[in-house]
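Okay, so chain A shows up in both of these, paired with chain B first and chain C after.
After this line comes the complex of A and B, so read on.
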């Protein structure tokens, strides 16, 4: 069994950067902030690459909507980690953009692929983004592609006689196990179980041979927002931290024990 | 005037999740008439005046849940649909919003009326920026975070209209599994979140690493305090980098920018730094304390209520003894 895997992902500001809202709304100095491939989408990509490597004939593509210049910077890094083809869409996208048109744009790009094999299609992505954090894009992409077998917060995918056996995170720290008879399916990943692959310069060079032309041809994509923002602000709460130094461990433990039992 | 539908589901045994009753309370606070719709096991005996019931809808599954929700929303003619942000609703409702050419906003922490307009408050950038918004598009689906308000009282409906829905599916539900360690990760009802940081697996003053003792101390505390157990990303990632690890920690325990943002009354961080990507996981922890060796760490910068500068091994050893008494 081979699969046609398409991973949807966006960019997010480097998690270590301080974020400050600006009118728009947008982020202050947004274009200057270093970006990374969205962490949840990255987990989906690592799982997709792992699956692609297991079965001959698998194909792995990444559909990404982001400003072209930033996308190029981030893909220079991601391309070194694993082999994939890029389907770039050049458009504004940040945490305040509307999930619905973003999903519509991704679905249209996937639908327009001339060699899309729907009977082998697996659409992967993060269960939410680290920017908008809505957790709705993948379901809308699936709907637009007519896929009714969808899974959210996936941590594990196993192929069993052509069926997809999937573990999804649910409440109470549990996993729900489902069996989907066959593709097509949408899997929105949580963290999965795979670490970030190490950089591999040869893979990067091979990837960039196809990615650079694709990036140059990235179609401009407008995403009209239906959101009217009333207010966007940083949380105002600043705590008065009591720093307890030079207290013996036994005394700290006594204070903590009383606090735990409160 | 909005036509408000509260759309909820039942869990195994026909029980309503607490978040469903919280959503009812949020809808009532908006004013006006509301309709309650329920799908899932035993839905026709629940609080809704319209329901989708039957074996096919007893288990969470996108295809059947989306079909049930779509039928209920179409039948009600709702312009505003409020639903709890449970895993089951989060999976299916965005797709239903797309089918009905509506709009959807998830993770709402407040819903309010501002004149004729309805506004939703939610977080952006992993709980780092807060915003309120409204929309013109209808139907507008709003998924309300569990814990956002107090649950309402709701009695079974006097008369229930059960809709017949056909929903073919290629997916079968095979059950639930818990993490192999047998340890809970996030216990929704726990009062305390305990977070272990990477310092537990670093060299201690004697020059050695004590992961076995660290594991005993952490699990001992979690069991005696009946707390949720979380960890920092750096500690979980170590397993992929070949470093000493605490074997019971998985990505499910991860709290922060790339992990969960649990809701508990109190939180205790040990051996971890309170840098912003980590602290976003603590956004909904009211009372925060931390133990580590660095008085200048991120927790001291207005993020914790109390920072104890001390050796977590010594403190936790003594704390476990006190809790066991």
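After this line comes the complex of A and C, so read on.
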């Protein structure tokens, strides 16, 4: 059996940047900062690409809502990692976007695909996002698409005679394994098990033959809602650096343990 | 390099490949994409389609690893006649420009006697000289240096603004995080590039080389084709800067520009630019002609911002970002072959930087524009990218422009610095004020950096220097801190906000990183040479403390701290450093 896999994802500020809250609320200089594909959605994408590679009939697409200019930049990197088609939506995407209109925009874009095959459809995404972590976008996407088989915090997917065998994280640090007879299904991924693939420029060049025209036609997408965010704060970071060379691992562990106990 | 008279070339993968995305490529792709959008030009690689243009950038984003800048932006404004600096974060028009001579408040600098005498006179007659905050406001900015009709910018933000427009045009792809290892040379022609990482070959009729001062492709082309007779690349500088948020209550007018001389060493020029929203860029240039082997950009920069003239603004401020890059200061004297069969060179590595005017970004942009116009002309006429055609269309444009004329004036401006600081300043003034008609002669042999003992002769006893050096080597740390402390430089009063350790600076703003699966891109070829090296300037100059004393006195390299400034390359007196193209480095977008 082959699958029509669509990964939903957005952008997040490059995790190597220092973020500062600003009145509004907003993140200071957010639009100046470089962006990356949301790390949670990226895990879903790596798993999706792995699955897509298992069967020549599988198809992998990525639905992404973000400001077009930023999206274009980020896709120049993501496109080098894996072969996929892009469904771009040109709209605001950050920690201050509301989950409902974001999910509705993604679901509408998926619904509008002329060659969508619901009997083969797997909708992937992150179980939360690095920008806000509302953790509900994928459920709403599934709801709007009328997909009732939904799995959250997925760590593993195995195909067994056409059925989906899914391992989800549940409370208490345990895993739950479910069996889903057939698509359609929504899988909101936790970290999965696959690392970030290295860049393959030839893959990127092949991807760009379809991505560039798609990006040119990215439809403007409104995601405004009535929600007003009042304030934003970031965790306090305190650095106390000490440069030590050749310290045995046991000593480092001992020191860390003592620090945690404090 | 493939040499085979019967060689049958493989089909191209694209029409044009660019190596590196900086202001030169920005000018090239802006010009080219506008021309291609007009239509009528077909791809040679894929007949029936529009031309395929791909740009490979080494850094992880097109806004990373570049510098703050004040520029007259003459060429940039020609490309964007309605340029609105408000559209580019951190950009603003120059409003107030001064040249400041900084005196030495601590008495620790390597000032020659004549400069000490000048300081004494300025201080003695301070009511006349108006020395304030240990600084003398030079009453005029020489005409060749001024930027009064230009802009203060963060080049990272400008690059991002340009790159987004190019990509939105749909006429070109810009691939970050894709270093190019070397040119693909077949039968004496450049047929494309070899990518670092997977080593794949990408072919195109034209390769545009714009990989900056220490680019691997440029260096390989120089190895293969050599430099034109009489040309050499022997003048460099390390530029390092902080981006600082001013403390509450300090408001400086955006567009204020200070050029400085005199401190933290008399050979080190400095700058201070005020961006909008109470942000400043402050930095220094450590030149290759500074004879001292203690070439630490970071420690000197910390002293520079603490000079009383600046500290009154900056005390209590916050470090937002930090960065460093090499600057190829040979200018026209280091100009390579600008075009050959299948390739053309633009930007800093093509010798466009003007050391007299202290300007490189606008010049680099212009070279890109000129090549863009030339390429469009050749494509419209259906002419191949041969050396003759590129010479006629690109090099001729360059020779006829202000870039060439100003480059010729600047070509000999720095000749005097090899002899002494005094002759350097006199020679520069002579050259600049006479429009290049008068200048000092270029020395036949460049002075190597002084040996440690010579550098501190008369200031520290020979045995004491040896003891300090041995101690640092044993403890695995650079020697500059110990030597600077010993000659009277005050300790840095770390405040955790603006004055932070070099290691902490790697984590400020866009942090430094390297992909976990990357190989070391800096290699010391002959370890015996390193062991016999007296100075190991590669360790002292290293912008990220990525090179430290290692086993057996051979420097050790940590790629996860490397900001890819390339200073180790030109500071090694034995040319013993191999510096390859690799991804990673700074993630700062504010530089």
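The rule is simple: the second predicted complex is superposed on the first by the 231 of 262 C-alpha atoms of A that agree within 3 Å, B and C clash if a C-alpha of one lies under 4 Å from a C-alpha of the other, contacts with A are read in each partner's own complex, and residues count from 1 in each chain.
Basically, a residue touches a chain if its C-beta (ideal position, glycine included) is under 8 Å from a C-beta of that chain, and two chains touch if they have at least 3 such contacts.
Quantities reported herein were computed from a predicted structural model and do not represent experimental measurements.
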Touched partner set for A:77, first chain B, second chain C, both or neither: second
Contacts of A:88 with chain B and chain C, given as first, second, both or neither: neither
Touching partner for A:16 - first (chain B), second (chain C), both, neither: both
Chain B versus chain C as contact partner of A:175, first or second or both or neither: first
Which of chain B and chain C A:69 touches, first, second, both or neither: second
Which of chain B and chain C A:125 touches, first, second, both or neither: neither
First (chain B), second (chain C), both or neither touched by A:101: neither
Which partner, chain B or chain C, touches more chain A residues: B
Contact residues of chain A, present in both the chain B and the chain C interface: 16, 18, 239, 241, 243, 245
Residue ranges of chain B touching chain A (in the complex, touch as defined): 17, 60-63, 66, 86-88, 90-95, 97-99, 103-107, 114, 119, 123-137, 169-179, 184-188, 192, 225, 237, 239-241, 250-252, 254, 257-259, 266, 268, 275-277, 283, 287-289, 291, 295, 299-311, 314-319, 321-323
Partner chain A, residues of chain C touching it in the complex: 13-14, 54, 56, 60-64, 89-90, 157, 160, 163-164, 167-168, 170, 173-178, 195, 197-198, 200, 202, 320, 476, 496, 501, 503-504, 507-511, 513, 515, 517, 583, 587, 589-590
Interface residues, chain A side, partner chain B - complex: 13, 15-16, 18-19, 21, 25, 39-40, 95-96, 99-100, 103, 130-137, 139-140, 142-144, 148-153, 155, 165, 167-182, 190-196, 226-235, 238-247, 249-250, 252-257, 259-260
Residues of chain A defined as touching chain C within the complex: 14, 16-18, 29, 31-34, 68-69, 72-73, 76-77, 80, 198-202, 204-205, 208, 212-213, 215-216, 239, 241, 243, 245
